[in-house]
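Right after this note come the structures.
In the two assemblies presented below, subunit A is common to both, partnered first by subunit B and then by subunit C.
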Partner chain A sequence: MNIFEITLRSIALASAVSLFSGLLGCLFAWLVTRAEIPGRQRWAQWLALPYSVPAYLLAMAWVVIGNPTIGWLRHFLPAQGSYGFWGMVCVETTVAMTFPFLELKAGFEKLDPALEEAARMSGASPARVFRDVSFKLLWPSLLSGMALSFLYTISSFGVPALLGLPVRQFVLTTLIYSEFKMGGLTGIYNGFKLSAVLVAIVLVVLALSYALKRWQSRRGVTLVSGKASKPSQVHLGKLTIPVLMGLSAWIIITLVLPWTALGLSALASVAGDFRVSQWTLRNFKTVVTLADFQESVKNSLSYTVCVVLCLVSAGFFLGYLSVRRNKRWARVIVGASQISFALPGTVIALVLIYVSAWTGWLWDGVFWMLLAYGLKYAAIPFQMLSTGFSHVHPSLEEAAQMSGARRFKVIRDIWVPMLKTVWISAGVLVALPILTELTMSVLLTGPGRATLGTVLFQLQEYADQPSAAAMGFLILSFAVVGAWIQSTLISKRKNLT
Partner chain B sequence: MKSSLILKQLTKSYGTKTILNPLDLQVKPGEFVTLLGPSGCGKTTLLRMIAGLEQPTAGEIKMGERVFDSGRIHLPPEERGFGMVFQSYAVWPHMNVWQNVQYPLKVNPKWKSLTTQQREEKTREAIKLVHLEELASRWPQQLSGGQQQRVALARGLVMEPDILLLDEPLSNLDAKLRAEMRREIRDLHRRIGITLIYVTHDQKEAFEMSTRVIVLNEGRVAQDGTPEEVRAHPKPGFVQDFLAEMS
Partner chain C sequence: MKFINVWIFALCFLSGACKPSKPSLWIYTSLYKEVIAAVQPPLQALLPDVEIKFFQGGSENIAAKLNMELLANRPQANLVLTSDPFWYEELKRLGKLEAYRSPVAGYVPTAFTDPDSFYSTVRVSSIVMAYHQNVLSEKELPHSWKDLTDDRWKGRLTMGSPLESGSAFTTVAMLFHHEGWDYFTRLRSLDLLSSGGNSTVLNRIETKERQIGLLLLENVLKAMKKGSPIRPIYPKEGVIPVPGLIAILKGTKNISAAQRVYDWFFSLEAQRAMVAAGMHSFYPQAPAPQGWLPLSEILAHTPEGMFWGNEVLQALYPRRDEIKRGFSDRVLR
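Here is the complex of A and B:
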């Protein structure tokens, strides 16, 4: 296989996804922060929801929706249906869009509304205000969101495996997986060679993002004014109804349609026959009685609880030490966690396999799996808790000290309860991706170590697609509910601060 | 002949909370009106409704034949022809002083027909008016708070607005600069005779600069008169207490 061609395809895929994500994220962020539309908060919550949904579940659903022979929308799609390059672009974009969306939404919320209002008072139309003021001030946030979309896509395994492999369109992550599964020294050697290419691409993007942030901080532009007033909303007039229809269509395409497709496929007694008379609960029964499924639920839950407890506790103390005690080493660990977060899961798994082989420890041991999850997702609680500590005024801690409380009591009585919503939402935010993780799990799994992601992948790829749909439906429902709880917690936290 | 700004039964509420009770007001051309009152009395909301940045719940805003707000009519801020100076200055950080001041002449339809030379001439005049000739090529980050406020003033004046609205423009400045800017704004008003509506909670600003002071309390006009009248004969109750507290 031509590595150059596959590298180019991976870069093209990630670039296309980050471009579309940037455009959509920009539009949606402006609509939920600046336009006069009813229920803006709810729309924002719905638009951010795919952030916590595993993309491979959406890909599974699009296999049903866009299947070239039996798919619901096959007549509206090209000959390959949802398979191939553009299928991957579309499905990855539904999730990757949330990165620029969230970055820009935060940017708009921090931007002093008076800067835009001053332009309107000068006579500029809303479109001109966006072009001359909002965009000119927020483009670094847009680029940073697009860089995250790029990193997310180039590291993604599930979507290219489900929508690319059936039509032999490899990307770097799926080729690494294939080489590794082929076994033998050549396979492992090739896997490392490809991982090096992947890491090089990731490092270039990380370096560019870092340079952008440095430049921005050197520019010394302060956009935050202390928010004296709510930003005035742009009246959309006749465009209100089409905008609301567009937003609804996006939610339907990204969440409702995939969820319905998985649900109906799970209910169908014969693949492709969705008539109500043919509905059965047999597939759900098959899944829940499957030994592999039961084992995977047990494993995934125990791994998740273990990693979440470790990461949130560590994040709490690192946040305290780096922000309140100003410990340099704690700041370095929090900063390093950002780098491991950006590394592709495939690369982390391969490195751990190599280290385990080198140290002589069993490579399929639970330890390596937990370590992989920890390395990949540590940045979320570490960053959230550090930010949480920095948002609380030091005088609250000092008041407790002046009341006679010692350091441990200050932590227990002041910090733990004050940051309750932060550590709970950090826990939920880490738990969701670990519970359904696939990329690292498929490489690190072994006998007795099956997880929800790996069992689902096996069912979808090799054994029983209706059962896979039933399992996917259950996991997707769980992920959406979990994400909703998490976003509600975050909005509560915002109201508190 | 310029027309008066007329507010008729203007009301603003958010849900069940009323910010501004039905209010009638007329501002004559050339007046320097100050809306004075404590935080939360509705003065900034009133100013933002005049600007078009907030939509009234009920009532009417008009100027001569031009209706800005009435029933379902709501003219957006960019079509009202008013200038505004914000509390946070709102000087665009990606434009230098010259570009900031010139911006309204580039985007405002009223000035579309200007040639580049005429536009430059008007920009130069506005910058001269606020004594920033030496700093025209500077970036906002290189200016002090007082200088940034002058840029905002020049930007508001360059488009020759029918009314210039000022939302607590001096509250972020130190005492010395505030005194200096108070003098400058008063002189500017005398020199160019523009209509000014100024929001503040500082009675010193109100009495020193304006030709008319309107004291607001809980969304209602508590007293309306010349600075001398209000200072010499404050209405018993809220106005008397508020002025005594502030001094």
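Here is the complex of A and C:
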């Protein structure tokens, strides 16, 4: 095993996930916005839900479902089961698919339907309308979503640790972690060297993404003209039933199966014994009565609220300044946020620990933990809000200004309500991973600062795994229910407006 | 206005989470949560004016955490109670520990106590082989550590990772000391699965993913109490003792309270709590964990190369990094 081979594997993994995510995201976004299928809004909610699920919980579940020796579905899987490269690709894709899906769904919703209508009225088939109109206008959104999937995967740790390490398939993040765990200066030095390789890959992807955006802005593409009309739906005919079955299968594989696997593992009195006669609630009782669990709920919620408010506020103003006021420094910050998003949490945490050690600042506070969360997840609201600003035609702001409105009034009365769904979504999309963050929290948490992720990790590694499954099941259930409530509220609000 | 209200609410919420704690004494430990739950009330009763707080994690993670705090020159821990003896030796050499000879710890054998009184063994865990009784019959079982190198165990072995677990690291160090690297090279060729901590190993055997594992006895006994089909094997060369140590950090403000806590851990009450959790105690009146051999018998049957003591520690300490990297290169990658 050498670094070159591991680097190639990391790039191959991120590329494969990005490709599959793009294909699936594109298909699903088109289905929920342009196809005539029953309950489109509900399907959209279900398809976006995996984003709210911590990927390491899915990996925990897939160890049960796809284990090559004992997994429920082992007979339908290759020899390695859910372990190995393709196992990692599949599990990462279930979460990473939501990036292009959400970007494209937003793009389709904002796309002026008159363009598609015109093509359709000229006799173009739905496939041709998609290829010649929708895709041509939305491919930057698709590539942007795929870039996010790539960055998410190349920096992810939990899935490669649970599904790659047992078959000795290292990627850069797990190799960095293993070098840091080696102890001593050599391990730390090697870890930072590998981090530099990772940062270099990230910078290349970001440079390409930046070049794409520049080219897009030169083309002057805007998706919203200020007028609103409802797009007509494509009738699927005989394909409706197979499409619905395919969507159901996707939801079952990505959510229902993992949720069931964790639930049954949590009910088992002995790991792996799923007989109904052996079910017990003891593992749930152990978790909810655990003082650390109660403390972690309080801590995780308070840290999340604080970071989300900071990031969404900053993202809103940075988006406004970079897109509407064309401030270079704001664009640089928005771009730089993607670098830290793509860095492995372990690297961010260790850099911050060293900085805090050198400076001696605020060691006892939660400052460094909040900063780590902020650095890691700033890219999501910064990017979403910048994209949101760029999708709205400047004529609305110009009209308000010509009517005598001052800048603050324009922001308050035009941009805040106009981008309401974007900033609420950005807040939720940041909140969900922070609430259950593991990689950085394990290193940065301290006495009295347990988080949901760290308590789950301790239960999984050092206490008993059925209790970890119980906690994982609770987190998964709350994450799914929370995301469901959030998306229902947004869709209700949309309907009202 | 609404936005400002949300901000105020968030700050109030956060201030609750960051609320400065009362004067407290922090114990960083790898003891399991149920042991902490058992020892905390009597400790709190012993020191009503001090808030006793625990920070729990795997030995290697506790070490990583405290090392960072020491690097920042702001250690929050007052006492440490984990099971990586090499780390205690390192802390001692760096001058980070407070020397203290407890008047009540005289019963601990000198081989398990630092000669300069910077740390002492407060409990002894044992690494044994463990198997799933519904998968393997008694006839099939291995009888010694060396038996595990037999071809028939290909794809059936598991152990914790020495990069994650202090007891796994001590196990690797002792087996390396006794058998050399060839032993691990052979296990690697048999596809030994090494990752996670002891809980992960237990889970792999219970779920039948692997059939034999190197595991802490306390995990086996705890699982058996819950009705698990997992059973221990006592290897004929002897079990691998993993000393759990205790030390006071240098610079601890309330040193007398820390010393009282240190003493209490050597009391019969504390030692019984350790035994109840499946660990062995040197305390003369403390029994062996239920269903297991007494410590004296275990140590009497431990061959010289596997017997833990200061000499072994001093011999292996300079090779600590080499052992981790050697294992990582031969088995993990």
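Throughout what follows, the second predicted complex is superposed on the first by the 355 of 497 C-alpha atoms of A that agree within 3 Å, B and C clash if a C-alpha of one lies under 4 Å from a C-alpha of the other, contacts with A are read in each partner's own complex, and residues count from 1 in each chain.
Simple rule for what comes next: contacts are C-beta pairs under 8 Å (C-beta built on N, C-alpha and C of every residue); 3 or more make two chains touch, one makes a residue touch a chain.
Every value quoted in this text rests on a predicted model; they were computed, and no experiment measured them.
Asks: Tell me which partner A:Gln338 touches in the superposition: subunit B (first), subunit C (second), both or neither.
Replies: neither
Asks: Between subunit B (first) and subunit C (second), which does A:Thr240 come into contact with in this model arrangement: first, second, both, or neither?
Replies: In the superposed model, A:Thr240 contacts neither subunit B nor subunit C.
Asks: With the two complexes superposed on chain A, say which partner A:Thr260 touches: subunit B (first), subunit C (second), both, or neither.
Replies: In the superposition, A:Thr260 contacts neither subunit B nor subunit C.
Asks: Once the structures are superposed on A, label A:Gln45 by its partner contacts, choosing first (subunit B), second (subunit C), both or neither.
Replies: In the superposition, A:Gln45 contacts neither subunit B nor subunit C.
Asks: Which partner reaches more residues of subunit A, subunit B or subunit C?
Replies: C
Asks: Could you look at A:Gln216 and tell me whether it touches subunit B, subunit C, both or neither (first, second, both, neither)?
Replies: Neither partner.
Asks: After superposition on the shared chain, which partner residues are touched by A:Ser122: those of subunit B (first), subunit C (second), both, or neither?
Replies: first
Asks: What is the contact status of A:Ser15 with respect to subunit B (first) and subunit C (second): first, second, both, or neither?
Replies: neither
Asks: Let me test your reading of the model: by the given contact rule, A:Asp112 touches which partner, first (subunit B), second (subunit C), both or neither?
Replies: A:Asp112: touches subunit B, not subunit C.
Asks: Should A:Gln80 be classified as contacting the first partner (subunit B), the second (subunit C), both, or neither?
Replies: In the superposition, A:Gln80 touches no partner, neither subunit B nor subunit C.
Asks: Considering only the contact definition stated at the top, list the common interface residues of subunit A for subunit B and subunit C.
Replies: Dual-contact residues (subunit A): none.
Asks: Over in the complex, which subunit A residues touch subunit B? Could you list them?
Replies: So the residues of subunit A touching subunit B come out as 112, 114-115, 117-126, 128, 132-133, 136-137, 220-223, 225-226, 228-229, 232, 235.
Asks: Mind listing the subunit B positions that touch subunit A in their complex?
Replies: 44, 48, 51, 53-55, 74, 76-79, 81-84, 86-90, 92-94, 103-104, 107-111, 141, 152, 155-156, 159, 165
Asks: Please output the residues of subunit C touching subunit A within their complex, sorted ascending.
Replies: The contact residues of subunit C facing subunit A are 3, 6-7, 9-11, 13-14, 16-18, 21, 26, 28, 30, 32-33, 53-58, 60-61, 64-65, 68-69, 71-74, 76-77, 163-165, 193, 195-200, 202-203, 206-210, 222-223, 226-229, 320-321, 324-325, 328, 332-333.
Asks: Show which residues of subunit A lie in contact with subunit C when the two form their complex.
Replies: Interface residues on subunit A, with respect to subunit C: 1, 64, 67, 69-70, 165-166, 168, 170, 178, 181-184, 186-187, 269-273, 290, 292, 298-299, 301-303, 305-306, 309, 313, 353-354, 356-357, 360, 363-366, 442-443, 446-448, 458-465, 468.
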